[in-house]
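Look at the two complexes coming up: chain A is in both, with chain B in one and chain C in the other.
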Partner chain A sequence: MRLECKVTGGDFQAAGEAAAKLKRTLRQVGIDAETARRAAIVAYEAEMNIVIHAFRGVLSVDISPERIEIVADDEGPGIPDIPLAMQEGYSTAPEHIREMGFGAGLGLPNMKRYSDEFHIESTVGRGTNVRMVINLPSKGSLT
Partner chain B sequence: MTGLFHSVLLIEEKCRGCTRCIKNCPTEAIRVRQGKARINAERCTDCGECIRTCDNHAKTAITDSLERLKDFRYTVALPAPALYGQFGPDVEPDRVLAALIDMGFDDVFEVARGADVATLVTREYLRQHREIRPMISAACPAVVRLIQVRFPALIDHLIPVDSPMTCAGKLAKENKSKELGIPPEDIGAFFITPCPAKVTWVREAVKRGFSSVDGAISIADVYGEISRRLASPASHPPKRRASGAGIGWGGSGGENAAVGLENYLVVDGIHSVIDVLEEVEVGRLADVDFIEAQACIGGCVGGALTVRNPFIAHVHLEKLAKRFADCPAFTTEEEEELTRRARAGYFDMRQDIAAVPAFRLDRDVSRAISKAEMIEKVVKDLPGLDCGSCGSPHCRALAEDIVQGLAVDTDCVFKLRDQVKVLAEQLFDLAKKNPSAMSAAGEPGEREG
Partner chain C sequence: MRLRDVMRILDATVLTGEDKLDQEIEAACGCDLISDLLAFTRARMLVLTGLVTPQIIRAAEMMDLLGIVFVRGKKPTPEIVAMAAEAGIPVLCTSYPLYESAGLLFEAGLRGKCAWPCAEDDGGAATSASASASPSPGTRVDTSTGTDTGTSTGIGSDTDDKPHGARGGSCDAP
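Let's turn to the complex of A and B:
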């Protein structure tokens, strides 16, 4: 199944709603707690990245019994140096956003750490596309 | 279905089938069907929100009566710290404790003192375990249950330390058994409880086998009798041994003040607790060491079985906490002994807090996914007003109920109206049709007169 949520850049009040919607569905699907949590973290970080850095974007999630695929596609400034952006602690978030407890430079590294596959493409001046896959434990191990 | 006991239940005759409770239930555990509220046992956390919101007093909590004292050779009352807050700031805890003995208990062991123990054990646990942050207090049974059913991934974040009530029960039974030379099974320990969730916790523990607490009696049930006895001077030697910090556990913030950590967060009110847990679930708040989370606004003084306004009770409690601030909870030897036991796992309750997820649509993941997909379709078709008239708390919940076969789309009054409209149009169309043998009225060619 597929869930799609529009995310608006700079809208901190609605931030996290897309991830919350995904969490509700994951609870219902009955995916094991740890996998569901990884997916929630990945989706949340991806959503926050759009809110913090981009103008607008779409967070979409595909859930199958084998895997969860999360895609964050945004229109925004893009990332000029991806390897640099992937470094822990590196952040271009302005001071006022850091004061809100965001922009610690852990977003992208966390998205990579908690997913089994991680792909990122970015065009400066146009936007960024991040695709992440989290594999579900084999059926036998589900309760 | 689990065979779980619940303290919170519905009084059918009083329920008028309104939608207040379904709207306010933090786990969406209530539906109104056939004019009566129904509580889903798997999802209910016994938080007591429905008891508070029901104007018809149709929700109640099962508690134990004083009659049960007869079942034991020797009985000990375990009064919650919140009990002290029910009376004026000038009422000595000693007098409240004496009143309990006058009412029929053989002895008392303060849960505030149990809180002193829990403080020590919690500190020790946090010192020994630094791998997971934030750690969440497991003192509030409704919060524990909420995590078990709705946030199973956060079980590892719970501090698996006995609650003050259990600490008190364990020590009371052990001490009395030694002192009197009778087996601990012969000693009945009764919690004087501010909340239904504790009643459930106690009943479940008793079901599992030997329990350190045997029953829970509501504060509201003993309040009147204690008040009456306060008029005469205390007839028993002073029994208070709890420190001010232990007494403070009865109000929100008290637990953290006792444990004394720097990076902490205090949250009360179950809806606010959910907001904080949602954040923890997505990996935020990792810089916080300790979360004190209580289902009731104001902490235990806000429990559904208390009598006084929680804010007033909180003030009373804080005054007492200040007054006894300099009373040490333990002697050095006692503290060493408790620390030794804590390390040996004497106060560990990990086995009681397994995950019991209650939101999955199907045991089979593939089927659950297709159901989730259907829900998305159904919800798009509903008006989105979240009025609750259908008996489900909001449109999405109705969609879930429809997909699960527990409701039909015409339970929605707007969907019903749409269907009536279609039907009316069909009726109108049919009414306009004349049998072909008759000429239609008003058609050209028809002669008048």
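Let's turn to the complex of A and C:
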């Protein structure tokens, strides 16, 4: 099963809708609450990163009986120094973003923490691609 | 503690979720940063916050939180309340500030159950090391956290609701 949602940079009204849709779908297909929660958190963080930092992007999710693969692919400024961006507390979010409660520099570390696999590629001036895998706990999670 | 008790202790009003006031709250946290909420809060908690934005509702929905208390007399817009209602998340408002709200609930027996990384974190250093080998634009970093074993949690039998990876510690609130 595959889900795909367009995400628009700067659109804080719609921000989080893709992750919310994903979470509802995961629960509907019988994924357990904790796994759905982990997937929703990483999807939400990835979606918010697109909204905060990029021009536009796509959040796509592939659900198989074994795993959930979440990919956030954006067109944006890219990340010049990924190791630095992965450090907790490092953020380039501007002040108005911080006033909304974001920009604590926890987004990427959080995505890595909640996923079983985490891959990130970025090209400055073009965009960033984040791929995360969450393994499903056991067979029979899908009903 | 039930949500109804939280309401009484904080002299709070309920904006949505009256049908869920008998829901049992296991723990609470005080938080004005969504990033912290996403990083350190566990499922089935109550969050006390002064951050009145639609995103706090969305984050609470993602986190499976059981309710939101807006402190310091902050009032959410009708749109935010409607969003919470749709997500099935009760919203309470109190005029007590965050510190006092937390103190009152703590005194009444509601503890924190955060996952603040008091213990060492997992894998961050490995990511940096792996990534620093090729720092130019087009950098690729592949890491797998699937094999880590976790560390002591210190929070009791929480294997079901802890985030994946090494977490834990003995702190009670973010």
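Everything below uses one rule, namely that the second predicted complex is superposed on the first by the 139 of 143 C-alpha atoms of A that agree within 3 Å, B and C clash if a C-alpha of one lies under 4 Å from a C-alpha of the other, contacts with A are read in each partner's own complex, and residues count from 1 in each chain.
Keep in mind that, in the parts below, contacts are C-beta pairs under 8 Å (C-beta built on N, C-alpha and C of every residue); 3 or more make two chains touch, one makes a residue touch a chain.
Quick caveat, the model's predicted, so the values are computed rather than measured.
Enquirer: For the overlaid complexes, name the partner, chain B or chain C, with more touching residues on chain A.
Expert: Touched residues of chain A are more numerous for C.
Enquirer: Looking at the overlay, does A:81 come into contact with chain B only (first), chain C only (second), both, or neither?
Expert: Second partner only.
Enquirer: For A:3, using the defined touch cut-off, is the partner it touches chain B, chain C, both, or neither? Pick first, second, both or neither.
Expert: Only chain B; A:3 stays clear of chain C.
Enquirer: Given the touch rule stated above, what does A:23 touch, chain B (first), chain C (second), both, or neither?
Expert: In the superposition, A:23 contacts both chain B and chain C.
Enquirer: Using the superposition on chain A described above, determine whether A:63 touches chain B (first), chain C (second), both, or neither.
Expert: first
Enquirer: Please work out whether A:31 is in contact with chain B alone, chain C alone, both, or neither, and reply first, second, both or neither.
Expert: first
Enquirer: Could you tell me if A:71 is touching chain B, chain C, both of them or neither one (first, second, both, neither)?
Expert: Neither chain B nor chain C is touched by A:71.
Enquirer: Which holds for A:41: it touches chain B only (first), chain C only (second), both, or neither?
Expert: A:41 sits against chain B and chain C alike.
Enquirer: Counting only touches as set out at the top, which of chain B and chain C does A:101 meet: first, second, both, neither?
Expert: both
Enquirer: Touching chain B and also chain C: which chain A residues?
Expert: Dual-contact residues (chain A): 16, 19-20, 23, 33-34, 37, 40-41, 44-45, 101, 110.
Enquirer: Which bits of chain A are touching chain C when the two form their complex?
Expert: Per the stated touch rule, the residues are 12-13, 15-16, 19-20, 23, 33-34, 37-38, 40-41, 44-45, 48, 78-83, 86-88, 100-107, 109-110, 112-125, 133, 135.
Enquirer: Would you tell me which residues of chain C are touching chain A in their complex?
Expert: 32-39, 43, 51, 53-56, 58-59, 61-64, 87, 121-124, 127-128, 131-132, 135, 137-146, 160-161, 163-165, 167
Enquirer: How about chain A: which of its residues touch chain B in the complex?
Expert: 1, 3, 16, 19-20, 23, 25, 27-31, 33-34, 36-37, 40-41, 44-45, 63-65, 101, 110, 136, 139, 142
Enquirer: Could you list, by residue number, the parts of chain B that touch chain A in their complex?
Expert: 150, 152-153, 155, 278, 281-284, 355, 357, 359-363, 365-366, 368-373, 375-376, 400
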